[in-house]
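The letters A, B, C, D, E, F and G name the chains in turn, as written, and every chain counts its residues from 1.
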Amino acid sequence: MSTVLTPLINIVAIVVVAVLLRWLVHRLISRMTTGLGSGRLPSILRPSRAGGSAASERRVQRARTVGSLLRSVATFLIYGIAFILVLSKLGINIAPILASAGVVGVAVGFGAQNLVKDFLSGIFMMLEDQYGVGDVVDLGDAAGTVEMVGLRITTVRDVSGTVWYVRNGTISAVGNSTQRFGVAVVDIPIGYGADVDRAIEIAGQAAHETVERSPIAEDVLGDVEILGAQDLTQAAITLRLTVTTRPGRQWAVRRALTADVKMALDTAGIAAPLTAYPSN
Amino acid sequence: MSTVLTPLINIVAIVVVAVLLRWLVHRLISRMTTGLGSGRLPSILRPSRAGGSAASERRVQRARTVGSLLRSVATFLIYGIAFILVLSKLGINIAPILASAGVVGVAVGFGAQNLVKDFLSGIFMMLEDQYGVGDVVDLGDAAGTVEMVGLRITTVRDVSGTVWYVRNGTISAVGNSTQRFGVAVVDIPIGYGADVDRAIEIAGQAAHETVERSPIAEDVLGDVEILGAQDLTQAAITLRLTVTTRPGRQWAVRRALTADVKMALDTAGIAAPLTAYPSN
Amino acid sequence: MSTVLTPLINIVAIVVVAVLLRWLVHRLISRMTTGLGSGRLPSILRPSRAGGSAASERRVQRARTVGSLLRSVATFLIYGIAFILVLSKLGINIAPILASAGVVGVAVGFGAQNLVKDFLSGIFMMLEDQYGVGDVVDLGDAAGTVEMVGLRITTVRDVSGTVWYVRNGTISAVGNSTQRFGVAVVDIPIGYGADVDRAIEIAGQAAHETVERSPIAEDVLGDVEILGAQDLTQAAITLRLTVTTRPGRQWAVRRALTADVKMALDTAGIAAPLTAYPSN
Amino acid sequence: MSTVLTPLINIVAIVVVAVLLRWLVHRLISRMTTGLGSGRLPSILRPSRAGGSAASERRVQRARTVGSLLRSVATFLIYGIAFILVLSKLGINIAPILASAGVVGVAVGFGAQNLVKDFLSGIFMMLEDQYGVGDVVDLGDAAGTVEMVGLRITTVRDVSGTVWYVRNGTISAVGNSTQRFGVAVVDIPIGYGADVDRAIEIAGQAAHETVERSPIAEDVLGDVEILGAQDLTQAAITLRLTVTTRPGRQWAVRRALTADVKMALDTAGIAAPLTAYPSN
Amino acid sequence: MSTVLTPLINIVAIVVVAVLLRWLVHRLISRMTTGLGSGRLPSILRPSRAGGSAASERRVQRARTVGSLLRSVATFLIYGIAFILVLSKLGINIAPILASAGVVGVAVGFGAQNLVKDFLSGIFMMLEDQYGVGDVVDLGDAAGTVEMVGLRITTVRDVSGTVWYVRNGTISAVGNSTQRFGVAVVDIPIGYGADVDRAIEIAGQAAHETVERSPIAEDVLGDVEILGAQDLTQAAITLRLTVTTRPGRQWAVRRALTADVKMALDTAGIAAPLTAYPSN
Amino acid sequence: MSTVLTPLINIVAIVVVAVLLRWLVHRLISRMTTGLGSGRLPSILRPSRAGGSAASERRVQRARTVGSLLRSVATFLIYGIAFILVLSKLGINIAPILASAGVVGVAVGFGAQNLVKDFLSGIFMMLEDQYGVGDVVDLGDAAGTVEMVGLRITTVRDVSGTVWYVRNGTISAVGNSTQRFGVAVVDIPIGYGADVDRAIEIAGQAAHETVERSPIAEDVLGDVEILGAQDLTQAAITLRLTVTTRPGRQWAVRRALTADVKMALDTAGIAAPLTAYPSN
Amino acid sequence: MSTVLTPLINIVAIVVVAVLLRWLVHRLISRMTTGLGSGRLPSILRPSRAGGSAASERRVQRARTVGSLLRSVATFLIYGIAFILVLSKLGINIAPILASAGVVGVAVGFGAQNLVKDFLSGIFMMLEDQYGVGDVVDLGDAAGTVEMVGLRITTVRDVSGTVWYVRNGTISAVGNSTQRFGVAVVDIPIGYGADVDRAIEIAGQAAHETVERSPIAEDVLGDVEILGAQDLTQAAITLRLTVTTRPGRQWAVRRALTADVKMALDTAGIAAPLTAYPSN
């Protein structure tokens, strides 16, 4: 063969292989993410216990988002390497190009690590389906209702209406308050001199009445659990009651219980925490 | 061909390819950023839900700023590599130059990572349109009204008129209080001995009157929501009301509600928090 | 041999060696993790004292999870290197591919270190069997009952029903409150002017009665230990009692003891902490 | 040509090219920094809105300082590489020199990154003209009046006369209180039982009188804005007034307003915050 | 020799050298760690003063644990390099394997540094014999009684029975309260108006009586040291006594002394700290 | 020439060049540091405004210390490279030596970065003359009088006589209280109900008398500046006076002013802060 | 020469050079550290002012410890490189060995940096003689009496007898309270209404009497310095006295002075801090 044709054939071969490889990798990614969408997580990511029948169309959409990112990255890598190989077949010295890329890669790599962290965290959060739009979450830097779930940032609106853009990479632990059920924890401080047993009895009775009353009754899943004297400080004894509620309703139930139990204790004459103090 | 001409032809070829490549990359960047300007984000960056009809000319301007930076970087990289290739074709040993660049690159890379972080954060903040001039934001290091949005720093003027230059790379979460709506959260502490149900009723009535009164009425979007006994400490019960307002007006509404509800409770003789304390 | 056949033979040899090596490594991993499952930890991981007869089927399952991850990684590495070797035998210049991989590896390595940390921490936590589903743990970022144990994240549900997804790599110390036994620590503040010896005597007597009463008696493993005057501040003396309980029952026992001891002291007329204060 | 002459010619060529390149780069830097001096910032650095007609001779001086540093660095790099190239043309093996430089570069690079950070931060702070000598700034580690602006450190004198040398690289956000205008924020706590509406009226009247009185009047730019009940705690209601002032005068105005409003409230018999407390 | 035999001989030589080297290194490690076991620390690790005659069988066991880890690492390294050398002698191009190992090594190195830190810290803690099973230690993240000492983690059970798994690499300082002796520090607050000299005298006398009484007397090693007025705040004067005790008994002694001294002061009519306050 | 002589000549040449280069670099350093000693800082280090006529012999000594360090480093580098070049000319394969140096360099580089940071910080602190022996400084980790200024550590003696060895690299901002002048800031809290204007008048008068009295008068540089009501809390109004003093005398002046102003206010019957509280 | 002999000669030469080099380096280290032992610090380490005639035998011992470590490291490096050179002369391909070492070096380097930091910090602390056995020091993580000074860790016993093992690399600033002299700082709070001048006079007189009384007199080096009104809060005025003492005796002197001055003020009827408060 002539020396002109050989590189040409090489180049064509490289391009063909690259296109094929890209097609193969894309199929692989598609199959993998489709599996994710239909709930089949690879065993490495799957926790020891399954997570209930969560919204599957959300999973499909997320699988599509992650697949789209992975396909873009794969295309970029495969065509980039093919391009460099073609250059080298054309007789261009690619060493300086690679060295430049290396220097720039390292120099930028330090600064871009936050970016990579954000995207990697985002991908895993999506795959693990930690939260969705409408969930009430605590992301550390911000807490509130999720407005958008992105690969780089998650958007959350807090109680005063402020919208928070939180970088996924800065989230070390996610607290999701709207999964399967919530617990309303009611802490009632009573005076140091009060009769604890009687206070517990009255508080329990009041709480039981409250959770059977509409509209609280619809939000409550289990019965009231009266834990007793949770805390004993120099100024007060704190009683604790808990009750299981529908997800996202624990705060409303807690507020209702707090008011009712407190008033029942007042009515029964149980000493309020600070009245033991200026007792004269 | 003579040995003098071959490098010449090579050099010309390199220059031509570099110019072409630069033109191509610039076009690509332009198209991409124009797309951004008209609201078409690549799917990787687009959150799961669209963000409303935000000011599109702001987007166009931002797309232009980001595009300008990317074009500068691309030009610098392409011409730099072409320059080194030309040097090598002229018979100059480029290994030491590359090695020097590598050493300097690594040595500076450590120190410059903050710079890269700042610019990368700035680019993504712009693309995601997290805030604009005039928005009231909380950037962690500073909170206030945005004065300027730059690629490296964002300038914010806080409540006491101090101008803060915040490096974009130090911002881990952005809180924007002026997006679509705000929520005025009013917390009213009342005495431990007070009648909670009556206090809630009075507070609600007062709040309703306030939000229907001009000029507060123009700022309010929804009705007052009376949450009830938010918190119960040894010294006081805290009642909470919320109301949705126009963006940026939540503080004025909160102040008006605080004063009015507090005075209504005083008038109705609901015990103030600390008066239960030196009761004699 | 012809020059066409030699690379072919080489390639076949490479593939055969790779398959064999993979089979060997998989067997090794299987044997190692099976050993783990049956309680035989390599001496490096085994602490100086054995950990009791914990649930062995949990161990088997964990060994399987870890083995599955290790096998995936081994397969990926061995086939990846074989693929590159085959490419080089086909006459393709693999230097740019390796260099690209290097640059990408370093650039991503910075950002992916959190991911690697998470998985490595997860593997060791599993091998060391630090906690299982249902244990009550404190992971620093969150505390509560373990819901799932994964290689990258652990899921914990806290007292108010919020589910926390904690990255394993962010956990520096794990506190497990449900291993073999718990200790209920009861701190009772009494007034500065009280008779300490008598207070200790009364508190001890009350505690003894409590731990012999059903249903507390079933939860208690040892006898009450009366430590005495734990703390002496300007406002109060704090007495401390402890009692060993069944794992996970220490909080219920503590609450019961707190209420009973406190009421016994009240009945006996031991001065309450703050009554020395507004004594008039 | 003889083998003795060829390296000689090469060396001469290298030196000539180095001198030319240095001249070119110096010119480039000069032109760039001169542009900066006359207010023409490259678009990457220019925030979205222009910053007013700041002192241009300060800009010129800063541009000169930055240009001087950049020229030194460029000279050092170009002559250094030329020196190594000359060595290699003289037949000296430069590999060990480069390797040594590499090792030293990396080893020192870790420790010197703070230095690089300081200088890079200093350069950008100068280019962006964040503050000048005499401005009142908050740099995080120290707050006070700027005494000197350097490329590595900024010197600030705080309120008690202590001079602080702050490394530019440690500053994550700069707060400049002397740009265009300041805002005097006056917070007045009044008793919980006080009549809020009347207190606001009296406070507003007193504030209006104060800002019209000399010498406060010269420092005030706008009218007093009465925000109302800013905060409501168990012990007091906090009223807030704000007024725009000339830059740097907000503290004097605030002090004058605080005293006057407070005395007006006293005169009018508005309850002081704690008097509701020992009310007898 | 034939070209087939030469590599064969080479391979045999490599294997033989590797086996020999491994045997040599293992012997070296054994001798070194045996030396450690018998108390002969290399001078670099030995602190300036010797540590007493601690349990030598514990040392022997620890030396064995560390030796086992070091031997595993040495075996892995020596056989790994021999394997690669053998591959290269078989005519396989080992450059890609090494390069892959390098990339993976760097990429994982970032994430695995915590692991390496944990093991290195564990090795040194063992060699320096900082604590053993049963010691009461403070590791920063957790404090309590050591349950297990491992190379990667240390297990500690705290006062409420919670078992803490602490990574050795996160421990910056270890506090061991059970070495040779403890000190019971007793701080007694007395009223501001009290006669300090008389209070010191009474406290000293009471403390002397306590430490001579059984069972406290067996725990006390030295005499009571009366330091005097340790602290003087607006509300109280704090007296301090110390006494040297047997290791681990300082807390029991402190509790006994606190109760006795406090009651002696009460009996003597020394003013209690807060009674000076509502003195009427 | 013979093949034996050529390397010899080469070696001689290398040694001669190294000696010359070292002499040159030493001269350069000497000239540079001498310039520093006589106050001529290179423009990069020189802040925008000159620093007054500080003790020049201190500068000379510092320049000598820094020069000595730089000369040592330069000698080490130049002779080290020359040594390696000589080795290579002797036919020794220097690649493994360089590679070993590289590995050790990187491995140690991570750990030694603190050391490099300390020395670099020390060099710059010396060049910038931030503080000298006898100055009262705040270094963050410690505050007090400087005892020694070293290249790696600075020694400071604090108010209780404790000597602090502070690593220069840990200092992010230096506060020097003894430069040119100090400011005594006197904050006097007065009762909420007091007449602010009269209190300001009396405090001013008392302060004026104090600063004119010997020995305070010698320490005071300017007149007393009465700022007014600095702070208004629920419990007290804080008046602030400032006066410029000789460096290091601000604390003595402050103490004298505090006592005198406070007694003048007492004499004039201005209500003390807490007396408004139990007013009966 | 035959091809068999040449490598043999080379190997012998390498071994001889290595032995010589090691001997040379050891001598160098010995001379350097001996110099340190006899107080001659290299100028880089020597602070600007000499440190008094500290215990020279301690220095000798420390110099020996440091020298021993440096000699071990030098031996390891020189013989290691010689070993690799010998391998290469034997015809073994050392590239994979070096590459493996490089990968392991980098991977371990990240994790071992703490170790290197600890040893480097220890070496410098020893050379600079910051503290010795028996000194009372504050190392940040722990404070107390130094028990052992090691190259990696320092052992300190705190006031309650707990032994702390502090890694030298975690110490950012060392506070040594037993160098040349201590200062007893006595802060006495007096009532807001008290006569400051008279209180200062009485306190001074009482302090003078105390420091002249045995056994305090032997511990005191200078006279009492009465600083005056150090602090003025809403509740009290704090008077401050200081007196220079022998090193390590400042706490005993402070305690004695606190008791005596306080009782003198009581005797003289100076109002105690809180008695102004419930004055009725």
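The rule we apply is simple: a residue touches a chain if its C-beta (ideal position, glycine included) is under 8 Å from a C-beta of that chain, and two chains touch if they have at least 3 such contacts.
This is a predicted model, so every value here is computed, not measured.
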item	value
Count of contact steps on the shortest path from chain E to chain G	1
Length of the line joining the C-alpha centres of chain A and chain F, rounded to whole Å	46
CA centroid of chain F to CA centroid of chain G, Å	21
Averaged-CA centre spacing for the pair chain D and chain A, given as whole angstrom	37
Per-residue overlap in chain B, given as positions that touch at least 2 other chains	102, 106, 108-110, 112, 114-115, 235, 277-278, 280
Chain order, ring traversed from chain A with chain C following	A, C, E, G, F, D, B
Footprint of chain G on chain F - complex, ascending	61, 65, 68-69, 72, 92-93, 95-97, 99-100, 102-104, 106-112, 114-115, 133, 139, 141-142, 147-153, 155, 158-167, 170, 187-189, 235-236, 252, 255-256, 258-259, 262-263, 266, 272-275, 277-278, 280
Residue ranges of chain E touching chain G (in the complex, touch as defined)	14, 43-49, 51, 77, 80-81, 84-85, 88, 94, 98, 101-102, 105-106, 108-110, 112-117, 119-121, 124, 128, 130, 138, 169, 172-177, 179-185, 192-193, 195-197, 200, 227-230, 232-235, 237, 242, 244-245, 247, 250, 276-280
